[in-house]
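Worksheet: one structure, shown below.
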Amino acid sequence: MHFVAARDLATALDARAEHPDAELLAGGTDLMVEVNLSHHRPTGVIGVRACDELMEWRDGRIGAAVTWARLEDGSARALAQLARTIGSPQIRAAGTMGGNVATASPAGDGLPWIAAMDGSVEVASRERGTRLIPWNEFFVGVKQTSLAGDEVITAVVTPDDAPHVQEFAKVGVRNAMVIATVSCVVAKGADGFRIALGAVAPTPIRATRAEEMLNAEASISDLVLEEVARLVSAEVRPITDHRSTESYRRHASGVLARRLVERCRAA
Amino acid sequence: MTAPTTERVAGVIGESTVRPDGVAKLSGNFAYGSDLWIDGMLWGATLRSPYAHARLEKLDITPAVTMSGVRAVLTQDDVPGRARFGQVEQDQPVLCDGVARYWGEPVAVVAADDEETARAAVAAIIVEWEPLEPVTDPDAARAAGEEYRAMVIRRGDESAAGSVVIEAEYETAIQDQAPLGPEAGLAVPDGEGGLDLHVTSQWVHIDHTQIVACLGLEPDAVRCHPVGIGGAFGAREDISVHIHVAMLALRTGRPVRIVYDRTESFAGHVKRHPARMRYRHEADDDGRLVKVIVDMVMDGGAYAHTSHAVLANAAFFTVGPYNCDNVAVDASVVRTNNPPAGAMRGFGAVQVCFAYESQMDRLAEALGLHPLEIRRRNALLPGDPMATSGQVVEGSLPTIGVIDLLESMPLPDDVIPDDPSLLPGGTGLTTPRGSVVRGVGYALGLKNLAFSEGFDDYSEVRLVLTSAGLEIHTAAIEVGQGLVTICLQIARSILGIENIAWVPADTSTIGSAGSTSASRQTQMTGGAVHEAAVKLRDHIAERFGDDAALEEITVDGPIEQWVRYRHPPTEEPDELGQGNPHAGFVVASHRAVVDVDPELGLVRIVRVDTVQDVGKALNPQAIVGQLEGGIAQGAGFAIMEELILEDGVILNPNFTDYLIPTILDAPDVESRLIEEPAHWGPFGAKGIGESPTISSTPAIVAAIRAATGRPLNRVPVRPQDIVGV
Amino acid sequence: MIVDFHLNGEERTATVVGWESLLTVLRDNLALAGSKNACEQGECGSCSVILDGDNVCSCLIMIGDCEGSTITTVEGVGAGDLLDPVQQAILDEGGVQCGFCTPGFVVTAAHLFANDPQPDEATIREAFSGNICRCTGYGALLRAFAGLAEDES
Amino acid sequence: MTTVAGIVLAAGSSLRMGEPKQLLVYRGTTLLNVVIATAEASHLDHVVVVTGANAGAIEDSVLVDRAVLAHNADFEQPNMVSVAVGARAVDADAFVTLPCDTPGITTGVIDAMIDRWRLDAPWAAITDYRDGSGHPFLLSRVALDEAATVAGPKVLWRFLGDDDTGRVSRVTVDRAMPPDINTPADYEALLGDA
């Protein structure tokens, strides 16, 4: 097996271009599960967890190899909140934002935050350079993204005007190491409230009808909050599976959205 | 590759002696089944059915046997002896006999030079299935007469009537033992047609009986050796890798090891029986039970395993630790295409406890009584007849004691915590303090001690006194519960010898110690050690006087003392379930405090307090360890642990989705012990391994009911059950 | 491929395909069976090791990515039968039953107390939230770690 | 002491079977591997496995403990060529033939042949079963060299079976002659007996 430990982006991009079959490896928390279950035998791997450019993290740009352990201590409030719910301390020490984005699980904990921030995924290839893909064009289905075969996810980028008031919540039936039944990020910026949800559709989604209704209201009464919950419950597209039911997920989506709007309002 | 042997540590009964295998376990040097290794060994792997019910249309192993590095690929045609195994009924094919009857049923086994080749060979086998309609509904199986066992219990007058009637139907889902150590075995051919099998087991002698029959060998050709066990909880009372790995070793003439991965482990051991229980309680105006009528069906899955005995436990403990003169129970355990069920901690007493304690709470509510008061009024005590079998309770049973002591324990301050990680939803930050409702619930649980219904239940021990000290030879299995520690303490207390070694014996060197299950080893093997030590002490005193030194006593060589220890005899009940099926009883009480977010249906179990009937506390620290660990499993069953099936296929055979409580979920526990000596066993000690798992679950559900007012007739309680969507 | 790393204070080399987990290599190639194989999905913590200062699940670390890494396993926490204080505390409080999770708890504890000698209870609980124990219900473990934190103060 | 080598004849192209009979599944592995294991379990000093047709697939799957492999590129030629190829691969004084399609030749039968060699070192020997004669044959080094000069098919049979010089010793085995597996029907029957 061919293993390239890329310490810089150029090395990673060269390897990606030259070994189109090679897998990208960051924290390994998704890829290695597949390997351990014998579902997958990589023929080549490009390790990026120690790639300088990808480990950079500054306002508005989170390098793809930044771990959840680092993000737990960040200033983006909802991001720090959600980082703390990912897996376990062991998983957070290894798992990265870029890995979460690349796997694109419907329940990926970082994804609703990106949606709420109206963020983009920055990708790069040796031949075509860097491009920014808006979140709703990047996530195209269950574990499906628009990343091209020669590209590397380099960062998650959020706009300069991304809201600072932001709150996260996640329902799971265990208090650690649990995959989200429903997750939700609500943010309040100059343009009003934004409501994003995870695990209730093939991709992270925004509850746009609820946002429009809420942002059209002059004041947020209990009645308005109830309407937010109702609209969010109607707008999500959850399934019934071994983790929960469609009806519970609808219900919990509305409750979480309502509670997070209240939390944002109080902030 | 040696089985765990024991360092010597000090301590007599009543002391919290540290466990002698602790240092090896803490330093990573303790050898578990999955750590076994012999240079040159082959690696085994298993092909399994992807369907719960399907006909094997084609099985072509050619691509596997012709693969480089593959040493053998065996199917049912290669089973040398009896084609089927099973503890009670021999109904399970060693390998698929043409029809797969549950998901994950073994079809073929491979031995290869390395693990990767073994897995690749399994994948290369050409197999074609014709899926058949699986039977997954236990009521339908019962209606079709597919019963492993049906029991009828009739006691008293069926026409008796109470003034208060509570009727409800309850359901318990499938709980998995989920021991952390995977199933594992290493078979080493002896060059004379036999082999040594080192295997994860709770009872090597019952394994041995089944293995030699299926291998077609004489009993002395196979020796089963205990190995280090990474938890058991019932999962290792039945055959897993045993026969497969032995067949591969005999066929290849090489040592072969099989270690299951987590998914295989979920597929490869029996589960707790799911149950549906229809209950009718009738009581008088004072809350005294007048009549209990129960109809229940348990799902035994595809093969019998220990379903017969599990059903008996469920049926005899239908009413719990309460008096009632008029009882009618109809109980069945049925054959389906769901995962085979068998032993799990509590063994049938868990399912009914959830139902009868829910019924008691409802009676209390209907009568305006405190939950503990209605239990006190009905408490089953020594000298009372069991509500079901009519067996008069012999020895100690402090039912009133566990109620009164529990009631006296202080409740925590009624303050919802500030730290969000201590609220329902935890660090998920779902729940503001203002959305939390607190509830308190109670439950009692009753369990039999050791095996029942006339089973010839014994444990053999051989003590060997040498100039170096004492050796305890036994085939009893330490699964982590602390049996070794207790036995050393017992021997030390009687003989006054500090240097005592535990020598795990294989099946060829000593008779059975019975199963490490049914809360029995403290009393059975502990009892055997006790009896042997007393005999040895008396023998020494007679020959050498009271003060002879060890060197003097053993001057002519080691002195041995063998015993086969039995508990008081039990009987098979009559056709109406009447008689004396049990050797003794143990009772416990639990009080749970929960914080609930009713709107999201999320629960945090704040604490569970317990009072345990222990007979005599031989090692208080070990007892508390059993109580806290058992309560964590009961808590798991109350709110998260469930195997989810679709057409008999387990959808969550992994630790990602089979959720076991973490340290953030497990409740704080306060324990109190009641010491009223049992009428048999060492120093009056009782086995307490199962009690904490039995009544903790209904106590927690009662607390959630108290907080939410929801009926919650099924465990585990899911968020949607609390929300009502 | 050949991978060199620093393991429990020694320079070690492993000849591997490359995609194997660190756990597999520790157990099968290097005969260090202390790290346990309970789930191989990062959901139990039994295989915890300290990798370049981080407590991680060795089942999720690809060996090809370990070139030059510094790794401490349970075998490197104490010195054989001479227990580290975290091990002694677990033993004394009865925090070992079947022991299969124990190496993971030992490694996580060594990591925690090296970085934070006096953790409060909430910190302790969160630090061990990736380590599943099926036997003890965690009470004895919590008492062991709380006692250690107290001893430090 | 003189040495005896077993030569497992596995070069054939299995025309009547329609697929390589060396690779037929038998007793959890291949037919050839069963024969090799039997040979290895006997008192033979050396075991040589001579492959020819389908050598690649056969050598991938072959399981040898102490046996060595030899290749007969001329596998369309009679069996005697394979025996000669096998004999060149080891240093021995006598050679025992073991066709890979006759798994019923047991370790005991092989050892009986070896015992005969040790007793009186015959020029050659043949096994007499209740119902006929057959493999294993034994050839001394002298006999082997002589047989190698004989041309045409069925050399071993013509050379040993039809020998009228009295040089061929008979080893009697009181059991039925083990069948050779040439056709799918033979294979079915073999599996049926198992």
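The chains carry the letters A, B, C and D, assigned in the order they are written, with residues numbered from 1 in each.
Following the convention adopted for this analysis, a residue touches a chain if its C-beta (ideal position, glycine included) is under 8 Å from a C-beta of that chain, and two chains touch if they have at least 3 such contacts.
What you are looking at is a predicted structure, and each value in this text was computed from that prediction instead of being measured.
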Contact-richer chain pair [B-C vs A-B]: B-C
Where subunit B and subunit C are represented by their mean Cα positions, the distance between them in whole Å: 28
Subunit A and subunit B: spacing of chain centres that average the CA atoms, whole Å: 41
Rounded Å distance between subunit C and subunit D, as computed from the means of their C-alpha atoms: 57
For subunit A paired with subunit D, centre-to-centre distance based on mean C-alpha positions, whole Å: 68
Junction residues of subunit C, two or more chains touched: 40-41, 43, 126, 129-131
Where subunit A touches two or more other chains at once, by residue number: 36-37, 175-177
Multi-chain contact residues (two or more partners), subunit D: none
Every chain pair meeting the contact rule: A-B, A-C, B-C, B-D
Touching residues (chain side subunit C, partner subunit A) in the complex: 1, 17-21, 40-43, 45, 48, 54-57, 59-62, 64-65, 67, 108, 126-127, 129-131
Residues of subunit B that touch subunit A when the two form their complex: 119, 123, 261, 263, 421, 425-430, 432, 435, 599-602, 604, 639-640, 644, 646, 651-652, 656-657, 659, 661-665, 718-720, 723, 725
Subunit B partner contacts - residues on subunit D that touch it in the complex: 23-25, 27-30, 33, 37, 57, 60-61, 63, 191, 194
Sites on subunit A touched by subunit C in the complex: 1-3, 5, 25, 27-29, 31-33, 35-37, 41-42, 45, 47, 49, 69, 87-91, 93-94, 175-177
Complex contacts: residues of subunit C adjacent to subunit B: 27-28, 31-41, 43-44, 46, 73-75, 77-78, 80-81, 83, 87, 90-94, 96-103, 106, 122, 125-126, 128-142
